[in-house]
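Starting off with a structure, shown below.
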Amino acid sequence: MASEPHRSHLLEIEDLVMAFGGLTALMNIQLRVAKGTIRAIIGPNGAGKTTLFNLITGVLSPTEGTIRFNGHVISGQKPHKIAALGISRTFQTVELFDNMTVIENVMVGRHLHISTSFFKCGLGLPAIRSQETAIEAHAMALLDFVGLADKANSMADSLPLGERKILEIGRALATDPLLVCLDEPAAGLNETETETAARLIKAIKDKGITVLLVEHDMKVIMNISDQITVLNYGEKIAEGTPEEIRGNPKVIQAYLGDSIAVV
Amino acid sequence: METISAASQLFQFIVTGLTVGAIYAMVAIGFNIIYNVTEIINLAQGEFVMLGGLIMVFMHVTVGLPMILAFVTAVLLVTLTGMLLDRLAIKPIRQPSVMTLIIATIAASIVIKGTAMLIWGKSPYDLPAFSGRTPIELGGVIIQPQYLWVIGFLVVVTIGLTLFFNRTILGKAMAACADNPDAARLVGINVQYMVLLSFALSAAIGAIAGMTLTPIALMDYDRGAMLAIKGFGAAILGGLGSFSGAVLGGLLIGLIESLGAGFLLSGYKDAYALIVLLLVLFLRPSGIMGNFEVTKFKRF
Amino acid sequence: MVKKSAMALLAGLVIFGFSIQPALATYKVGAIFSVTGGASFLGDPEKKTAQMVVDQINRDGGINGEKIELIVYDDETDPTKCNLHAKKLISQDKVVAVIGPSVSGLSVAIIPVFEKFKTPLVSCAASYKIVYNEKTGKPNKWVFKTPQSDSLAVEAIYTKMQSMGIHKIAILTVTDGYGASGRHELLRLAQAYKMDIVADEKYDPKDADMTAQLTKIKGLAPQAIVNWSVGPTQVTVLRNWRDLGMTPITFFQSHGFGSRKNIELAAGAAEGVFCPLGACNIADLLPEDHPQKQVTMAYQKSYTETYNEPLSSFGGHAWDAIQLVVDALKAVGGDRAKIRDYLENKKGFIGQHGVFNFSPEDHNGLTKEAFQMVVVKDGDWALAK
Amino acid sequence: MLRIRKAPMGVGAIFILLFPWVAERLPAIEHYPDLMVFAGIYCLMTIGMSLLMGYAGQISLGHAAFYGIGAYASGILTTQYNLNPWLCILIGSAAATAVAVVVGAPSLRLRGHYLAMATLAFGIIINIVFREEAEWTGGPDGMGGIPGLDIFGYSFDSIHKYYYLVWIVVAIAFFFTIRLIQSPTGRALRAIHASEAAASAMGIDISRSKIVVFAFSAILASVAGSLYAHYMNFINPSTFDTLFSIKLVIMIALGGMHTIWGAVVGSVLFAFLSFEWLHQFGEYEIVVYGLVLMMVTIYLPEGLVGLPGRIAQRVRR
């Protein structure tokens, strides 16, 4: 096992099993992610990467096993409770709020940190108004950080895919997470956009936020990850630094079976 | 008159419930055919039933066509109405959201109902039973011959549709549209045509339901909405999109109503069926035979 | 900007959506009927009748040379619309009196309007609540009604049952206002007539089949069944009764069965069924010396000639209502208060549904003799002996 | 960003304020304020439903039940227990809230057509209760004798007085809802509408939000029901049937689902169409009504509030 016992672990997954009817999507997964690192999860299609994300973020409840985050057991909890504990995410299919502007999307991310009392909001109390001004500024700063400040007032659905993915990351950061789960942030992007995304992910790490990353682009993976976990058919087949993974015969086997070459 | 035993009473409730349930089931099947191809809940489905009954009365009683010929003409005319509904009210909608489509089908049902009122007036019409009105007695249980026609037509429709969707190229093409319209388009299926066909088919089935119902319950212009609600309930109870679910849902609602009226307060009989429906939905959010994962991603 | 224009547009629509102004006439009489909606079986013949009567009077030179204008509104069996129409008739159309509504509930709903604006209302609905104020124990001052109360129909049925030796009965009612009112009276009067109601079953106005309710009744073996409904269900229930082999249990229908069309629709199942009917349903059966013979025959003739459809007993209520108003106009002219006073003291008015004798204590003016018990025989009505 | 637009509100407010005064002077529309009372009552309901459907994306085909709960609370408690009408309005709202939470909690987990059917079923069941519990409700014939409203001896006994009462309540509901939409709560609702998965990943408690909005719309419907009962002095079950729930949805579709203005415009338009204008078509009324509705869905998918925008677009081309 490539876990590092001397560093504190933000996320600990033990004996995780996820079965859909007769189909086992994940089998006995163990995973420990150290604080402040970038951990990539890779594997061929259908390996169970997105299922793992859905388990961590509470969209699914595991059949067996536990997920512990920052000292709390989060397996089986509702997504919004998990978000409140400090996990944020993006989606493979980009789930933006297309009925809102770019900055509003980010402002939704501040939901956990503001008062949303139904009656205070409906009465339009001054406290709510000053709070709006504050979170608007906060959102603007985040947009500046991800590089979308000039698009703040565009509608989210008017952005090109690359910027949509960046916006989704920006929105995920707005919750002040300890851990962000990025589901294929570079998929479908061109080379420049991919580089931007990779730079952004590193910048997130530099802010002290732990990153869990599912990605197919090996160049990105190898460049930015601290640790890589390889899944295949719902099982963990390898774990280690990019260098260790690059030479791992099991990994090569898994990928060649899927006829994709490892860089 | 001989008195009736408790067992005969129970069977009588069941026979009646199954008959009424078979009508609901046919309406529910109509909902499913259109839903499967288009994801539209066609709330004008009940109007097809009403039209089927009234046109049959017109052809058979007023014009004097023989039963079979009147039956065929009525089915054809209602089918045509179904196709017109698609072409005039559904297809022209440029931004189809689920809400818009619900309103569109409600609007269409109002137009159909109003037109029927202008043509036939407000009085109810009768149709001679298909094979007489001499009831059959079976161990104290009375069965009207028309009951058998209703249940028989449900069986025929169910078997016919199963064969159609599994054995014919056209049927398979329609099923493909239901699964994935984009992919269907790619392999050269004319999706527009399939949508039209689905409206035609479900109109035809609605018409059959109406024609078999009329000799039992008479028919008037204002009957569609109630049948649509019952049929919609049946389709949901069984699980939207599932034909076996529709049959099960329809028969269940019919049975609960009949048993409820028989054993409990008859004024609340409609409520019993709906309470069961709600309880089922709370336990199984996509009906008895539905697939939750599918419905999860369809939103308004 | 967009919303501003929308608002302006709406404002324009509201202000300029004028309704067509009626032509001027000397006597304006209002009418509110449920021409469409759940009670169109009442409102449709009522509207046709009232219109026909007014046209006839105008053709014959009007009232003392002045024409009547009948302003008819359709309440669609909706109390909100009924209320709006009532206020519009009174304050805008400035009618001298209003006839209708067709339905008891709606009549009760608009009583306050007529009491407040001091305008006579001659309702065409049956419930005693229309002419009986529970707080004062007296009739509402401005409100009259022409139909026999349901209690009279029930009394006619129970009287007949007593003479036949029937005391164990089942009642079947439809779950709308018509059925509920009948059910209320059937239950209320049962004790006085020593009727034992062993089953109290209901069905919906759109139900396809009442076999379940009848099967339950069959198990309880009553001597007679009373059914209270209108529309297709009263026919379906008869067929179910016959098919279930329940003909030895005598079947009584309410006066809502009063159209030959229903006998026809029942396709033979109505044979032997009793029902209490007003004179206008059975004009041709009445003896020549019957006081209502003349008016009922004349109404039947002109209605069937004008509209080419069989007469419905409900139309007769509108005939009585409009003729009462016309009678008052002839006598006292177009003053609302005078019309009211005239109607309250009117005696011996020969109508379609009886001979009316109004008084300050009785704003209906009918007795149970207004109903004749009729039985279906050889596919037609016959007076029951 | 959504900002409160002051101009249309000003126009609207002045219109509402002056309308009875103008109507009084034009004999042809003298009775229009009476219609506007009902239009206002409908507005109250559609404002809540617009929030629920247009913003939170949850369909309800059962809101007539809450309308009825308010009306019967007022009707029964005033006539049989002689309670103060204002207290009855409060009790009705509390009852509607309780029912909304109990029914909403399991129902709002359902999606799309399943939610539509569940709310439809709920509405029918409640209506059957109104019809069957005749001892309390008067049964299908309804109950009369419901007192009017008065406050400190000032009685809302004329059409114009009631008109202002109703529209003041509508204005309160309207401003509350507009502010709500522009607040974090409104943003959260729109987020739920766009993507439940993303909204919950942002920490929004989806089921709670839906239930709160459902309950809020139920309260508005209940207050509307009470106002209706005290104005009509009479209620019967058919006023609160499924057909009316569907009419509410039609009002919203007519006006436009995605703004609260749509609810207001749609309700007023619907009231006038159904109480007044369509009558001119006589027995063709029902067909014309259906055709109008059909035209709106085809040519004005954003409802009537989308019309000026469309015209402007045409002109610019």
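Order of writing sets the labels: A, B, C and D. Residues in every chain begin at 1.
Quick note on the criterion: a contact is a pair of C-beta atoms (placed from the backbone, for glycine too) under 8 Å apart; a residue touches a chain by one contact, two chains touch by 3 or more.
Fair warning: this is a prediction, and the values are worked out from it, not measured in the lab.
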Contacting subunit B as well as subunit D are chains C
Of C-D and A-D, pair with higher C-beta contact tally: C-D
Farthest from subunit C by Cα centre, which chain is it? Let me know. A
Innermost chain, taking as reference the mean of every protein Cα atom displayed: D
Cα-centroid distance, subunit A relative to subunit D, in whole angstrom: 42
If you average the Cα atoms of subunit A and of subunit C to get two centres, how far apart are those centres in Å? 72
Cα centre of subunit C to Cα centre of subunit D, whole Å, reads 34
How big is the gap, in whole Å, between where the Cα atoms of subunit A centre and where those of subunit B centre? 47
Any chance you could list the residues of subunit C touching two or more other chains? 36, 175
Hunt down the residues of subunit D that sit against at least two other chains at once, touch-wise. 131-132, 193, 283, 285-286
Got the subunit A residues that touch at least 2 other chains? none
Just spell out which pairs of chains touch, all of them. A-D, B-C, B-D, C-D
Subunit C residues touching subunit B - in the complex, by the definition given at the top: 36, 40-41, 44, 175, 201-204, 206-209, 211-213, 215-216, 218-219, 221, 231-232, 235-236, 239, 243-249, 261, 265, 267
For the subunit D and subunit B complex, residues of the former touching the latter: 53, 57-59, 106-107, 109-114, 116-118, 120-122, 124-125, 128-129, 131-132, 193, 196, 242-243, 246, 249-250, 253, 257, 283-287, 289-291, 293-294, 296-298, 301
Per the touch rule, the subunit D residues reaching subunit C in their complex are 5, 7-8, 11-12, 15, 19, 22, 26-32, 34-35, 38, 131-132, 134, 139-142, 144-145, 159, 228, 232-236, 238-239, 259, 261, 265, 268-269, 272, 274-277, 279-280, 283, 285-286, 304-309, 312
Residue ranges of subunit B touching subunit C (in the complex, touch as defined): 1, 3-4, 6, 9, 12-13, 15-17, 19-20, 23, 117, 122-124, 126, 128, 133, 135, 137, 142, 144, 213, 216-220, 222-223, 226, 257-259, 261-263, 265-267, 269-270
If you look only at subunit A, which of its residues touch subunit D in the complex? 57-59, 78-80, 83-84, 88-89, 91, 95-101, 103-104, 107-112, 114-118, 121-124, 128, 131-132, 135, 153, 171-172, 174-175
